[in-house]
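This report refers to the structure that appears directly beneath it.
The letters A, B, C, D, E and F name the chains in turn, as written, and every chain counts its residues from 1.
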Amino acid sequence: MQTHKAKRVEIIIEAPMEGRLTDALTKAGVTGFTVLPVLGGSGRSGRWSREGQVGRAGMVAVICLIRPDRLDGLLDAAFAVVERHIGVVSVTDTDVLRAERF
Amino acid sequence: MQTHKAKRVEIIIEAPMEGRLTDALTKAGVTGFTVLPVLGGSGRSGRWSREGQVGRAGMVAVICLIRPDRLDGLLDAAFAVVERHIGVVSVTDTDVLRAERF
Amino acid sequence: MQTHKAKRVEIIIEAPMEGRLTDALTKAGVTGFTVLPVLGGSGRSGRWSREGQVGRAGMVAVICLIRPDRLDGLLDAAFAVVERHIGVVSVTDTDVLRAERF
Amino acid sequence: MGDILSLAGDNLLSPMILCFALGLFAALARSELSVPEAAAKALSIYLLFAIGFKGGVAVADHGLDGTLIAALLGGVVLSFGIPFVAFALLQVLTGMSRLDAAAVAAHYGSISIVTFVTGTSVLTGRGLDPEGYMVAVAAAMEAPAIISALWLATRGSGGGASRMDAELWREILLNGSIVLLVGSFVIGLITGAEGMARIESFIVSPFQGVLCLFLLDMGLVAGRGLRQSRGALGAGAVVFGIVMPVIGAALGLGMGLLLGLSTGGVALFMTLAASASYIAVPAAMRVALPEANPSIYLTLSLGVTFPFNLTIGIPAYVAVAAALTGG
Amino acid sequence: MGDILSLAGDNLLSPMILCFALGLFAALARSELSVPEAAAKALSIYLLFAIGFKGGVAVADHGLDGTLIAALLGGVVLSFGIPFVAFALLQVLTGMSRLDAAAVAAHYGSISIVTFVTGTSVLTGRGLDPEGYMVAVAAAMEAPAIISALWLATRGSGGGASRMDAELWREILLNGSIVLLVGSFVIGLITGAEGMARIESFIVSPFQGVLCLFLLDMGLVAGRGLRQSRGALGAGAVVFGIVMPVIGAALGLGMGLLLGLSTGGVALFMTLAASASYIAVPAAMRVALPEANPSIYLTLSLGVTFPFNLTIGIPAYVAVAAALTGG
Amino acid sequence: MGDILSLAGDNLLSPMILCFALGLFAALARSELSVPEAAAKALSIYLLFAIGFKGGVAVADHGLDGTLIAALLGGVVLSFGIPFVAFALLQVLTGMSRLDAAAVAAHYGSISIVTFVTGTSVLTGRGLDPEGYMVAVAAAMEAPAIISALWLATRGSGGGASRMDAELWREILLNGSIVLLVGSFVIGLITGAEGMARIESFIVSPFQGVLCLFLLDMGLVAGRGLRQSRGALGAGAVVFGIVMPVIGAALGLGMGLLLGLSTGGVALFMTLAASASYIAVPAAMRVALPEANPSIYLTLSLGVTFPFNLTIGIPAYVAVAAALTGG
């Protein structure tokens, strides 16, 4: 089956920042992404868990599959949002089906 | 620790198609997969969010770790299901522990 | 944007073992990880789904981004926990922003 | 007429409708207010269980009316037939593609359980209890419209059958709300007044309050849908979303009178025929007609027709039914 | 005998059992009807809280009976002892591995809170209120069976201790249902009739209705389990799943009579001994005996024994207890 | 004094406080007892809806008191002002950074809806019904403190404005609890006694029981927070968490007396001023002051001040208000 080189960007970010991140992505022309829920985690700011959380606390994972040449625009847009905030960004090489979608 | 080359296939697909996809995978001999919930996303058919959804709407992410030589069978089976449907398929090189499981 | 080589380890494990795994990771000096919920899956021990589950059944996915030189310590710690248990471990090459966080 | 208006006014200022309006407002103003998916689903399970059970108990109490079978048949006929009317109307009013029009038609032939529940609640509040078996009629009306719509979508191309596999049939006929509604109807029928006595304080007294919270969520969902699909609907489609329920209600009225139902039964038949599905049919369309655009059919059914029925439709149907049956 | 049958008939046609049957049917027919996980958990929190609180208030009202300590001890003894009986019976009836048999034995020595709640509800409905402290007995019976089972699993190999770390102990003894049951029991004990007056309309009147919805979900879960593990159980195992609760009930009967409990108390002791865990023990087994096959123990406990107790067991235990205590 | 103690004793032994204590205990003992996130959110939606609706109905019944506007203004003034007091006190008692102190100050100027709901429930239980519009006052007090705190955080550096974008304003002013509280207040106001009659058995009778389960979850969350942030708070911060609500209550008392409110109204004003936000403000801080440490402000507000208000604060405020208003 024909596949095409792409990048898989995974951004783990605080839930109250989700809207700002996806707006920034959209503005940067990235219209494809998927948001996954996160149950808990640990990092420099300690351990947390969604269990029994009240309010909009917690984090989400945003996944973008993107053509390699558009990666830099995406990372610039994402970084502007996450810069002062906790969370992590990783970029992985991948292959996608149906390249016309990206 | 001993690891083995494998492929990580990630299929993001509409929830009403989940059963059809996993049945197709099983028929193609792929018996290992994991289904993750999806909160929302955006693509060519616009933005959506699971919040307050009624019914079986929304999407799920299906992850398969598979031996490289079995990838083509998996992709063919998956493609037959997702073909007419919205959603994305990506394939990433990975290494797995305990290769006997795949 | 400046990125740095890292490993993305994904461990899919039974929910009752989550605490033991993250404790073992922490003891091995791995303080960064994220836990994602899992809806269902299939493997050698058959198909299962979280729908209508009672109790702490089901699985979770634990994701660690880590500096390549610390991978072995992580895998040893993780393996000691998952050894006798069902579940899968995969390791993928990736690049991260803000390397000072890892 | 003054009567209809006063009924509509009463209805518009009921806590239920105001809760829906609050949800709509919150979503349109982009408040982050939201009802968790699991809670919304739990509320709908409660409502379906309660309404089904009460229907069963009512039938157990009054005995099985000879019209049950006739009413079921009448409902099935309407569900099969309405999509053709809807499809034709869409072709007159809008420039929708054949596939989109067929998908929309499926929704209008099928029914909205929440509209049905709200109608029942309004009728009970006015002492116009409908026939208990109307919940079975509601269940029977969910699926037939899908068949008509698939036929419309593939007429000529002959691909209708290939779009329906056995699996999809099972999914449609055994979808959660049909099973729960019919199942709790049967449970109510079997356990009767004695069963009711045991769980009355769970399913009767808090019912309207639960419905308020559920309609709050429906308002949120409808509002979010309207916001996200801005521009998906042309003026013709919006007109369709308001005219079609009135046509449906007229057909339901004819059927209800033909069957000789009570005032409540006739009003409920009108409500069912006027309502458009937004749970079972969308899921079926994603499987069988994935090329049809979900924002069109969801926005029409949930964003236009549902609010119309909730606010203006139901009180009007009740008033018309009362006038014509002398109820 | 006729009495037992009529009781069983009454019970079988109660809304609760019919809801369970509906869930079972829906799952076996592969309907997508489902109760969200969060909602099911919320229902179980409600049930545990209500039953614990009511038990505490009952003890506050009637004063602490001298038999409380004796009943707790009796429960612990049964929980320790039953796994040995179960293990021996499994070796006679099935070809299960030692590990699988030990894991199953742990489930039958421990208890099912939902069976207990249903039993209490049936008894209260017949005016046979059990001793309030039976909720404490239920909590005390959850854990001991796990120890016996681990000993059985590792006898000879001496690995039992290594399978139990302090962490697992804490998890078992402080598992959610024990803490909630005992905690709300204590709260009921402290606040007594006054506390009850404040929250009665929340925990008493809607109780049976909530139990209906919860049993609907239990039916769904049990049905899905049965479907997914088709073939996991041989005929011998199925026989075990029906015979073992009867043996357990007999042991519970002896203990209850020995302790001189009321009719309700004896019936509940039988119910507890007859029931098999499917929440706390499975989680403990996944940690301590991961090699044991979960589909065996879950299917037996949830798919065979739970429905048996719910439909036939409980009314039979009540009838026997009534006959033998003259209640 | 004896009176305060007896009131406090009554309060401490109420099912609500004991449920909170049970949750706290379970979390500190690391029991895996947990209330699913969706269920907790559903409970809070219920509580907000019920309290808002009842407030609106009360205003509809008694007519709009001329003091409504004055009370709203008074609340806004307190919310703006308290952060300055809190900030100064933090600089005296702790060595917190300017950013952390400003973030904490925002929480104490704003309010905790659950503390407000509990206070209302205690007052109603004693026949001291507060003015119905106090729910509007509560809503009005959520946001102003955030502005003061951002000014404090960025004083000199002038970056306050850049931290607040239009988006954040919208998020704060239309946050879920404000919209639901004000919305249901308006619905209660419109539908009045008639609306209440329809949904009374849903929002009045089960209210205290639902509050019990919600406080159980609050105890779990607070306990988990305390455990996970061990060491995040110095002794000075803990002292602040107990002294600050007392100061806030004193300010609220002054304002309440100035406005000439009823005993219940004064007590509720004290409770609002004494309480610290842990939903709306933390989310705003994550966006506007991400450098401030969440474990400090969450632990203080949820782990120290919330339990203090719940157990000792509220009964003391009620007693003081009763003494000074002759209520």
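Heads up, the rule we're going with is that a residue touches a chain if its C-beta (ideal position, glycine included) is under 8 Å from a C-beta of that chain, and two chains touch if they have at least 3 such contacts.
The shown structure was predicted, so the numbers you read here are calculated from the model rather than taken from an experiment.
Novice: Quick check on the contact network: minimum steps from chain C to chain F?
Specialist: The fewest touching-chain steps linking chain C to chain F number 2.
Novice: Hop distance check: chain B to chain F, minimum number of steps through touching chains?
Specialist: Minimum step count, chain B to chain F: 2.
Novice: Computing the C-alpha centre of each chain, which chain sits at the greatest distance from chain A?
Specialist: E
Novice: Indicate the whole-number Å distance between the mean C-alpha point of chain A and the mean C-alpha point of chain B.
Specialist: 18
Novice: Could you tell me the distance, in whole angstrom, between the mean C-alpha positions of chain B and chain D?
Specialist: 34
Novice: Report the inter-centroid distance (CA atoms only) between chain A and chain D in whole Å.
Specialist: Taking the average C-alpha coordinate of chain A and of chain D, the gap between them is 38 Å.
Novice: Of all residues in chain A, which are in touch with two or more distinct other chains?
Specialist: 36-37, 47, 49, 56, 92-93, in rising order.
Novice: Mind pulling the residue numbers of chain F that touch at least two other chains?
Specialist: 32, 34-39, 41-42, 171, 206
Novice: Counting only chain pairs that touch, give me the topology of the graph as line, ring, star, complete or other.
Specialist: Basically it's none of the tidy shapes, so other.
Novice: Looking at the whole structure, which two-chain pairs count as touching?
Specialist: Applying the touch criterion to every chain pair yields A-B, A-C, A-F, B-C, B-D, C-E, D-E, D-F, E-F.
Novice: Provide the residue numbers of chain E that touch chain F in the complex, in ascending order.
Specialist: Residue positions touching the partner: 36-39, 41-42, 45-46, 49, 53, 170-171, 174-176, 179-180, 183-184, 186-187, 190-191, 195, 198-199, 201-203, 206.
Novice: If we count contacts the way the header does, which residues on chain C are in touch with chain A in the complex?
Specialist: Contacts found on chain C: 1, 3, 6, 8, 22, 26, 31-37, 60, 65, 92-98, 101.
Novice: Can you tell me which positions in chain E touch chain C when the two form their complex?
Specialist: 34-35, 37, 40-41, 44, 167, 171, 217-218, 220-221, 224, 228-229, 278-280, 282-284, 286-287, 290-291, 293-295
Novice: In the complex of these two chains, what residues of chain A are touching chain F?
Specialist: Checking each residue of chain A against chain F gives 14, 16-17, 19-20, 45-57, 84-86.
Novice: For chain A, which residues are in contact with chain C within the complex?
Specialist: Of all residues in chain A, those touching chain C are 10, 12, 36-44, 47, 49, 59, 61, 72, 75-76, 79, 88-93.
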